[in-house]
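To keep things simple, chains are lettered A, B, C and D as they appear, and every chain counts its residues starting from 1.
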Amino acid sequence: MDKKIATREAYGKVLVEIGETNKDVVVLDADLSKSTKTYEFSCKFPERFFNMGVAEANMIATAAGLATAGKVPFCSTFAVFATGRAFDQIRNSVAYPKLNVKIAATHAGVTVGEDGGSHQSIEDIALIRALPGFTVFVPADAIETREAIKAALEINGPVYIRLGKLAVPVIHDSDFKFVPGKALELRDGSDVAIIATGLMVSLALEAADILLKDNIKATVLDVHTIKPLDVETIVSVAIKTGAVVTAEEHNVIGGLGSAVAEALCEHNPVPLKRIGIQDVFGESGKPVELLKHFGLTAEDIVNAVYEVLKKKSKNM
Amino acid sequence: MDKKIATREAYGKVLVEIGETNKDVVVLDADLSKSTKTYEFSCKFPERFFNMGVAEANMIATAAGLATAGKVPFCSTFAVFATGRAFDQIRNSVAYPKLNVKIAATHAGVTVGEDGGSHQSIEDIALIRALPGFTVFVPADAIETREAIKAALEINGPVYIRLGKLAVPVIHDSDFKFVPGKALELRDGSDVAIIATGLMVSLALEAADILLKDNIKATVLDVHTIKPLDVETIVSVAIKTGAVVTAEEHNVIGGLGSAVAEALCEHNPVPLKRIGIQDVFGESGKPVELLKHFGLTAEDIVNAVYEVLKKKSKNM
Amino acid sequence: MGKVLSPYKAKPKHEISVNYFNEGDEFILLFMEKAEKVKFLKEKAKVIRRHIVKMLGEAGSGHPGGSLSAADIVAVLYFDVMNIRPDDPHWPERDRFVLSKGHAAPVLYAALAERGYFDVSELSTLRKFKSRLQGHPDMKKLPGVEMSTGSLGQGLSVANGMALAAKIDNKKFRVYVLIGDGEIQEGQIWEAAMAAAHYKLDNVTAFLDYNGLQIDGCTKDVMCIEPVADKWIAFGWNVIEIDGNDIEQVLNAIEDAKKVSGKPTMIIAKTIKGKGVSYMENNPDWHGKAPKAEEVEKALEELL
Amino acid sequence: MGKVLSPYKAKPKHEISVNYFNEGDEFILLFMEKAEKVKFLKEKAKVIRRHIVKMLGEAGSGHPGGSLSAADIVAVLYFDVMNIRPDDPHWPERDRFVLSKGHAAPVLYAALAERGYFDVSELSTLRKFKSRLQGHPDMKKLPGVEMSTGSLGQGLSVANGMALAAKIDNKKFRVYVLIGDGEIQEGQIWEAAMAAAHYKLDNVTAFLDYNGLQIDGCTKDVMCIEPVADKWIAFGWNVIEIDGNDIEQVLNAIEDAKKVSGKPTMIIAKTIKGKGVSYMENNPDWHGKAPKAEEVEKALEELL
């Protein structure tokens, strides 16, 4: 876990690779190609790159048109604008007609940092998850990003990929197997399950290490696919452990925490604590300051584990 | 429950009333004033009515500007466009600066009917619920709508009010007391809790009647305020009954069902079944045909109750 | 316009359908004199209008005004201009038509049925539960519908995307798109307008159904769009102004658009909302209301 | 412009702040000759530029290019034109300024501090955790910020809303709004443009910071906005074209805008992105990158 790479960087690289092998791949950006890392693609394949300017809505619906003609458009901009500024276009021109459009949104979450609350998307998962037929990937590291983008290309339908600005630890080996829709068990433990997504996965592993010192064995799930959710695995670890903590860099309303709560309540209700942004907007600061401020550290996960364990023992 | 009135009709009426008593109330519409029922206000107070044409994004941000200068704007259009077409404006120009803008969106849910899936909002609650600081009202009938609008006027901040096209039964007496944020217990029963919102409340009452014949006593909660959620009451009925069914005319992802799942998992996990649109888009048809097709009838609620009761007995 | 396999032979068959000979690649009024062609297309537009009125009467809800105003444009596109194959609706080389103002679905459905995409009898299922003819066009349900629409302001962007795909692949197909005049109040239209000019999409031809009305009244009163031609010119488009209920003008404008290179063309088509049905013409009340049985009868008489 | 309680007296106090006398209602350069006023405003613009460079250097991130290009416009607004009360920032009769291109926050913060809304020392907290000077303006945190911005394309709509409120209440305040030239690619700008003309918002004066650059390069290459004046004219605006880095032209344009009735005014202000710092000028790389310590020094030398 020494090496740190931003998932957007990994995206930029794999985009060029798939552009090479698949001539139907086209890329659209909304005046942020250097930040979203579509820039390299734009240099290599200028005839398949379309800068749409500061016009996210038009970008998405143009991509829909390209998709009707057999192209596989990848659209990129900041997550807050990719989803919010173009929601009706995503809904009515992509999801409703089930078109083969990929939205790879970068700068998700509060780790955007200094730009502040207007630029920190804490609700994009909630938005896209509410749309029938969308696949939602939230990669935890650079390697998972690679695989998620390649998997997105294989899926014939709308896919949302949530990427970050901040360099984050590489937690996977390069030969790791990414199965869309299948949660990855990174640690096996019977006391509690920590279910995490995105950059919180590496913090969940840290938390598991800390807990181990206290002889608490945690299962750690990496839920890279928020939708369709791997209900089976999630329910099975809930049954095994009887207590769950979710961790995400997103509002606790509408994201992974909600998805897990839905699954647990319908299949095997157990105590749950949701680590995430507690329904407030972000603000300016350094990413680490903000992760701390918003309660998104390994320690916060550890504390949440103790809380659910207390409830679990009461239940028993 | 003989009389049927659409909540949008009630909205149109109360709007004129509050326009009379509060000169700061202004109304904006996006070329749908006869459908949203802001038309009467526009005739009575033309100097305080602004038709923005087919431009929902501009409507919302203009309302934000009006709010900065002390006006209390009510914005109306169909729910699918009110939320989705203007999401970033609602997010960044209303919710983020906590401005005093009210969005009264009509034509929510599949009871829009013949217009079909492009016009049937099944995700608006999910969208607005994910925004910090928003109050979300989903009135069950005409009387509740009146009170919700008056309550919205009292709140200094962003409020979303979800209204319907279809005439629905009037379930409340005119002297009923509406307390924002407080779920209403319409029936008291210890076997199961049916937690409903919007037009599903009257169907929940029907379901409770049917269940009573089988000697199953259901608590029925009318959750007219989805946000802030009345966690206390919801948890208390979950404790009392040990089994919960939610019912909403919305995607089961992101709406009332998710909110209740979150509350239960964090405070008192019990078996839950979520009645709602099962993550598919709507389609054309008569409202009753669609309610049936999408599993939104009293019978569907009854069946869900039997399901959770089975799980509850297993749990005990 | 590609190869022509068969001449058109007008053989009137039943009440409102005009039969045509179409054994292969495409449909074209090749051996007709212009005047004869115009007459034929006028007849087709009338047939489409009759379908619209009947469908809506049967459905009990829907949008007659904006369907009727566009019938002539749609007739010209589907019965003369567009290079399409009803028996192979996904033929990659086909010309595309995007009905951006999706509420005018009936005019599209009528044209598709008349053109042979499906049986005209299916028109009576409009807006009914489980029908392929949804209240607003659904491309997943009905072959021939190029894009699902209904949320206004999105169709021009979609058309641009199709046109960009043609450019990438060096394909010759053209993209036609019909936009409402109230619809251009949507900012996305101007994003798309700017992008079409920027990317020199001369394979895009847009029609503005310039009927002066939207739901809440005259565009002039609701949200004035004037001067409309100046706007499109300022956004870098070739602009042609015509009477959009005049078949010949529609035909000529499309031909002129094809000759322009490096620019998309906007045909500002002055139309009458409700055109062809006296009591609907220029009356905003008929934007989104279905005619009752007697009203259908009266309309059909007028449309003989 | 209301009552004037006090004459302006220029008393230079410390390195970059120009002090002023302001005991009551408002701030106005009343007893100055035009030439003297222009000189003073030029000085203010320079002071603002110095603040921008220093703030960004200190913050380590942010947007210098678009802040510097707008410094002259903002100086004229805050130090001559606008009827405001720094000690009563919510005074209902105040003129409003909406920074639609919110990433240029530093130019606004510098002007507010210089104008007395808060101490200039606070400028050094820009973008830091818990600062009132958020990366993009936050009206909830910092008095004097009229609207939270950062998501491009929304400020003109907001300005219209403020202007409508003035019309309803018969108030005399005016609304100024600064828009980026890349920003006008957002469709919402054109929705707002149409609405401002429709509602005859002659109390709205917009500035286009016409610096020819956006993040990915020249607007011409990324998404061409030309012919830009024609667009605003076609959308019903009074258009004035000026050199937006020329204080006198900015002053005159604003005066001219005030005289126009029944129409909003767009002042197309040709500017140089990065203006005043040689190595930043016209260089898209300096859109969103902070200068390093040596670069700050160099810039400050140039801005003496």
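The definition used in the following text is that a contact is a pair of C-beta atoms (placed from the backbone, for glycine too) under 8 Å apart; a residue touches a chain by one contact, two chains touch by 3 or more.
Computed from a predicted model, the values in this text were never measured in an experiment.
Listed by label, the chains that touch chain B and also chain C are A, D.
Each chain gets one centre point, the mean of its Cα atoms, and the points for chain A and chain C are 41 Å apart. Distance from the chain A centre to the chain D centre is 37 Å, each centre being the mean of its Cα atoms.
Separating the CA-averaged centres of chain C and chain D is a span of 46 Å.
The residues of chain B that reach two or more other chains are 52-53, 55, 57-58, 80-81, 85, 88, 91-92, 96, 117-118, listed in rising order.
Residues of chain C in contact with at least two other chains: 138, 148-151, 185-188, 191, 194-195, 198, 223.
Taken pairwise by the contact criterion, the protein chains are fully connected, each one touching every other. Contacts from chain C toward chain A in the complex involve residues 92, 96, 98, 138-140, 146-151, 154, 157-166, 168-169, 187-188, 191-192, 194-195, 198-199. Those residues of chain D lying in contact with chain C across their complex are 185-191, 194-195, 197-198, 223-227, 230-231, 233-236. Chain contact summary for the complex, chain A toward chain D: residues 29, 31-35, 51-55, 57-58, 80-81, 85, 113-119, 283-286, 289-290, 293.
Note for the complex: chain D touches chain A at residues 59-62, 102, 127-131, 134-136, 138, 148-153, 182-183, 185-187, 214-216, 219, 222-223. Those residues of chain B whose C-beta lies close enough to touch chain A in the complex are 80-81, 83-85, 87-88, 91-92, 95-96, 117-118, 122-123, 126-127, 129-133, 244, 251-254, 257-262, 264-266, 269-274, 279-281, 315.
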